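Here is the structure we will look at.
Chain IDs A, B and C follow the sequence of writing; residue 1 opens each chain.
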Amino acid sequence: MSAPAPAPAMSASRPTPQLRWQSALPVVAIAAVAFVVPALASSLWLKVLTSVAIYALAVASIALLYRRLGLVSLAQIALMGFGGWVTLRLSYAWGMPFEVNMLAGGVLTACVGIVLAYPALRMRGLYLALVTLMAAGGFSILVNVIQFPNGGPGFTGFIVQSVGSMPRPALGQSDGAFFSYCVIVVALGFLLIHLHERGSPGRAWAFIRRSEAAAMSAGVNVTFYKIWGFALSGFLAGIAGGLLAGNLQHLDARSFPAAESVMLFALTIVGGAWGWLGAVIAAVLYRLLPAFLNDIGVSGNVAYIIFGVALMHAMATAPRGLAGQIEGAWKAIRNRGQS
Amino acid sequence: MKKITMTLAGASGLLLLAAMSTQAQAAPSCGLNNGQAATGEPIKVGAIVGETGPDDFSSAADSAAAYFACVNANGGINGRPIEYIVEDDQWNPEVAVQVGTKLVRDDQVVALVGSGSFVEMSMNAKLYEADGVMSMASACAVSECFESRNIVSTNEGPLPSSVGAAQWAVANLGSQNVVCIGINIPSVGQYSCGWTEKYMTSKGLTGSSILLDLAAVDLNAAVLQAVASGADTVLVNLPAALAAGFLKTVEEQGLKENFKWISSTPLYDADIPGLLGPGWVDVMHVNIELTPIDGTGEDAVNWRAIMDAYAKPEDPRDTFSQSGYLSAKFFVEAMLELDPAAIDRATVTAAIKGIANKTSDLLCGPYYVGDAPTHMPNHANMMVKVVADGFEVVGECTDVDSAYLEPVRAAEQALGIGG
Amino acid sequence: MSAYGLFLVSGLAVGALYALGGVGLVVLNRATGFLNFAHGAIGAMGAMTAWQMAAWAMPEPVVWGAAIGIGALLSLLFGRFVAPGLAHREPVVKAVATLGFAIALLGVMNLLWVTTPRRLSFTLDGLFITLGGIRITGTRMLAFGGGLAVVAGVTILLVTTRVGLMMRSLADNRPVAALLGTPVLRVETLAWGLSGALAGFTGLMFGGLVQLDPTLLTFMVIPVIAAAIVARLSSISVTFAAGLLIGVTESMLALYPPLAPFRSAAPFAVAIIALMWLQRGRRLTFAGED
């Protein structure tokens, strides 16, 4: 019987070159996407990919609530609309830099998210989802009445006149520059989620998801962490809304019906709510695939049919979404390579 | 996107033309009319239509495509064929921006002709202005379409149609109090109903509005509100399907006889007389944007001939189709004056802006563009009434009398347009 | 009659539609645990098929039968082929899967029927009674009466019959019910079929009384869900009452100018307020994966 090999010297305090390489990889990849893509993509695909980036952040905000707290929000498009509204209103009112307006939009949308948290303290599962759906429905009516700001007077900032145009951020004036700007902001948003999940909120959320009773008895302030989850989710959705306003420079009140929020949630599940890859896949399905089908001449109605059938299939067969299937396949390939 | 390569259509058009020339029929007339297929370097022209969604506005692009096919079979633009690229914005503002960017920046179209959409104009107006490209639209339904520097339409939109209907009712039905039933989209409902109210006030009469949600379930309440307004005339300013639902509710309540009935242009649709039923014959009067579909003027006959020769049988022959034909025709006439070797976006934009005093029996007044922040060349219209199997003219071309048109008339004076 | 009375009666007439739709949703949810986002789309398909039958000059019973039959058929197809694969998933995922069905149906409808104004007319449209200054046509009374009949009938079915008991046990806990010998497939098929027939009838009513437009009818399901929410997706009679309340609220708000532009939001407002009221004082202490 051979003696076990001696334990390696304790060098865990110094990050190994492999670890440094692994943490640098995402940064390099993000930089590559942000700065190389605009040079390669045509104007159409650049705009589509900007949309994809923005909605990836919105999907991440849904996925955060779903995987960490087991809560469903069917109001994320409405929250984006709210964030976009605030961004537009502040831009026309005081002409502050885009970043200030966007952050203000995020913070105020976080407050709305907190308001949505209160039903979450009293009900769960489908009821909670439906309450958020009702909120989304109410928002769509509200925004159709007060409309998005276009430089008019008063609190609503709207007047029937020729089209207004909000200026883009100083660092993102052209389509290409704005794409890079969006990718970086979205990456920061993902980083924010990651930091939360690694920190005490993430641990608290995991505990709450497992068993609220146990969490409470362990001293976790369940109410506080639930509200924090909604606040973060709302903040990210608001930021995404601000980016959307910057992308189109003008928002249309008819773009925010309740059904879109449900669709986005559906695609979050299809893409996979358990990681950044799922968020990106969901955003690709939401914005890139329809644009591609439109570009190759597939009738919008045929695209609807394809989408609907694929959605039913995905719901029935892939619990961890497409990202889960991809990761599973990737792991299977690696395991086969190793054994 | 429907990428329509004109060479194929042009070839089939030639065959059709050959077949038709043996018949004693009005042959389509377009472009150079020399029967030679154009073979030079294609000129790219774009269009954005709202096809998939709550309604289908693509008939304008269909007829423009037919006109361009005819032109390509008849010598093109001094030898150069037109490559017509039509994109569908699916009634989605984000998609409208995407396809607009594609046409203007990727495809580098020299102009857009025949666009018809509810959302595209407001989203892309700034893009067209920034990139110096003109859009000769044909199916505009929102205020932004008429208040943008680089967009000009052959149709007139909801405002002249509503005010024109009210104006006719005041002059011919003795209306004193008009209630305008519109939709609650500000650039449509508040825009057109608001200016109708202003027109009534300017005549010392009364006007009011009731704005409905497009997806309204409760039409009863709107009917009750109309009664409560004390109006003697109801101006129905709704999309056709919602208007039909509203009128059915009116009939249900037996209130049809309590009012005089006028409507803006959406009810001018071949299906409507049958849909509304015999109860509305001689009761409903509709304002129309161009001249009647069954007109006998030169352009009316030519439009139908071109549709028969170059368009698909299922392409609608409606007002938007007439409008698309006109946009295409005026565009081609402007292009024919250019040097074919020097056709680029700058020269085309200048040529379009130079269009002035173009007349047609399809329009009530002259068409022109000019360089101005707003464009509404078509602001005179006719009235028809619903009869058993269609419509009958009851009001000839009348210019719309609204203060909204003051900047438009000032621009016309400066350009020396018509009287 | 005063303006309030007029709008009240009008609101009840409109509310009957919300009530009818909500009842169909709750029936299916109680029997299968699915909240059917495709309820509107199935109804729309039924309504469009009915219109097509009328356009082909078929007699009126065929028109009605077509709507109800197509509704039942589509619902059965989904229930038989797609729903079993989702039986073990959580309710939200089930609901979202029905959204896929709704979208696919919408695409099919737009392909089959070109977008153009259409109208559904019934002989009942010509009959009416006058209630306080406002006319209620036969069709509207049918919507109201039909809703009441469904409430009564389904309640009796679920409470007194064996089939109803099996439906309730299935919705409560499918694996255990199956173990106890409930013929799962047969009972669920019946539930889906019944719900689909109801959807077809509801679609016909909406198509005849509001607008015959596939997109509109499909997404009408979202305000209709509001009525079901108030009843916490379980009580059919409360759903019916909630639907009427929503209709009355939406109608009466037209009389109050500051809120009148927002009255389309009445379903959502009523649902949220009612639910918050009903859940007041409740704290979720022992929620979790267990």
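As a working rule, contacts are C-beta pairs under 8 Å (C-beta built on N, C-alpha and C of every residue); 3 or more make two chains touch, one makes a residue touch a chain.
Note that the structure is predicted; figures quoted are calculated from it, not measured.
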Contact graph of the chains (line, ring, star, complete, other): complete
A student comparing A-C to B-C should find more C-beta pairs in contact for A-C
Distance between the CA centroids of chain B and chain C (whole Å) is 39
Cα centroid separation, chain A vs chain C, in Å, comes to 32
By the touch definition above, chain A meets two or more other chains at residues 141, 145, 299, 301
Where chain C touches two or more other chains at once, the residues are 110, 219, 223, 261, 264
Flagged in chain B as touching 2+ other chains are 52-53, 184, 213
Counting only contacts in the complex, chain C reaches chain A at residues 35, 37, 82, 85-86, 89-97, 99-108, 110-111, 219, 222-223, 225-226, 229, 232-233, 261-262, 264-265, 267-269, 271-272, 275-276, 279-280, 282-290
Chain B partner, complex, touching residues on chain A are 42-44, 47-48, 51, 141, 144-145, 147, 158, 160-163, 165, 175, 248-252, 254-255, 287, 290-291, 294-297, 299-301
In the complex, the residues of chain B that touch chain C are 52-56, 184, 211, 213-222, 224-225, 228, 240-245, 248, 252-254, 269, 271-272, 275
Within their complex, chain B touches chain A through residues 1-3, 51-53, 87-88, 90, 92-95, 97-99, 101-102, 104-106, 119, 122-123, 125-126, 143-144, 147-148, 184-187, 190-191, 194, 213, 373-374
Seen from chain C, its contact residues with chain B in the complex are 3, 6-7, 10-11, 13-14, 17-18, 110, 114-119, 125, 128, 134-135, 137, 206, 210-213, 215-216, 219-220, 223, 247, 250-251, 254, 261, 263-264
